[in-house]
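I have placed the structure first, in the form of structure tokens, so that the comments after it can refer back to it.
To keep things simple, chains are lettered A, B, C and D as they appear, and every chain counts its residues starting from 1.
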């Protein structure tokens, strides 16, 4: 990963027993949680911990999520979750994801989430200037 | 609900402490799980338990999900999840959802899931005729 | 249930697809979550919503949990979770649970949790007098 | 970790947003799930993947779990989960856990789980000889 040239971040996740349903595959809802885990790692590495972001009074709420489930993943497999912020406006950021199985590079799940920066009361605010500059300069 | 005239089913869900995040609102991923709970109740009431469906060798896998998060819901609130199958083809069924808070009828989350009937090996098969007839006659 | 004569409260839970693991049975961790759901209903019916309790500055934190898994439960089954506060001291409350399957009254899981009332800073405080009186008078 | 001289295995877990409740701390139920994740890593490193164990017809079911919650953990913190099989009989294995925060070595949660090896039908069977030998030789 070359963070100087692009925004893509990858998180490796081990599929846990608790993530699998009685078909023996990852229960589909967990992929949306995997997106969040990877987004959290992306924002920490790219800018700063989302924990600090919230402490400064910014909230990066989810307003939309879209997922496509391409193939099943199984217990113990390693999945790589790629996070890529693809577009942003005044308050909104659109992030794309691809979850790929490590051993055969098979695409398991893809999707995107749309976020809005808000203050503590849920009112939309501009993307913090530090993050905006990082997004622009790494595009 | 009048199941004779339409396909809409409603499940009432109490927001649990375990469903809320540190913003004090329902963690967004849980809404996709609520969709599944309501879909499970819908299919049981409309046709038969999904448990039996799987035992007969049919799998109703999720291939897409789309969610919009309109307003936050909180611990202890009662949410009504409406399930409405809106379209179907040979193998696929598209289902829409609206999650509305009981006390003020505020729209909390809306979305849809697209499903495909498959056999045990993941090969798409036609929608079971019983379900197809129910969908058609109640449309 | 006769809430005037005893403290036992029962919550009926439908086993969800999302709660089952690849053995096709309820993933054991979910029983501890079921305990919380039932405890939340107990405290609301017995005293007041735990939401209000926290707003008044009391926290009812979990300090121990003990579970025995007696028999597997399956997707779609109805489980009755019985909650019974069995002992209390100055700050602590001990609550017992029995999860019984509705259709055959089989004991699925039993256990207990030990709780401590604290203030916002995690310092133990006396059980609120209202709750103490209810516990004592219904014993 | 020196796997040649003892059985202790440690898994490092990043606390996720999805794991925290509205008090801003790890929701207590998740610790029991963390135990499972660490046990899964322990068995893979110590013997073989639990996935293979199940495919060979052995099930390592949980029959008891006991947890003590010592201090709260927070979003983004790194937790080390230590797994230590402390006792075993013909069919049963008792495993202890300690969850320690990485940055200050504070004990967050401790506990144990008791397991039983069974066949596909839930009938207790002897601990597989390979695992028994490993447990004995590393004690």
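We adopt the following convention: a contact is a pair of C-beta atoms (placed from the backbone, for glycine too) under 8 Å apart; a residue touches a chain by one contact, two chains touch by 3 or more.
Quantities reported herein were computed from a predicted structural model and do not represent experimental measurements.
A centroid comparison over C-alpha atoms places C as the chain most distant from chain A.
The interface of A-D is repeated, with over half of its contact pairs matching by residue number, by B-C among A-B, B-D or B-C. Contact tally for C-D versus A-C: the pair with more C-beta pairs in contact is C-D.
With centres set at the average Cα position, the gap from chain A to chain C is 35 Å.
In whole angstrom, the spacing between the mean C-alpha positions of chain C and chain D is 24. For chain C, the set of residues that touch two or more other chains comprises 17-18, 23, 29, 33, 36, 75. Per the touch definition, chain D reaches chain C in the complex via residues 23, 28-29, 32-33, 36, 59, 61-69, 72, 122. Chain contact summary for the complex, chain A toward chain D: residues 14, 16-18, 33, 36-37, 40-41, 44, 49-51, 74-76.
On the chain B side of its complex with chain D, the touching residues are 17-18, 20-24, 27, 29, 75.
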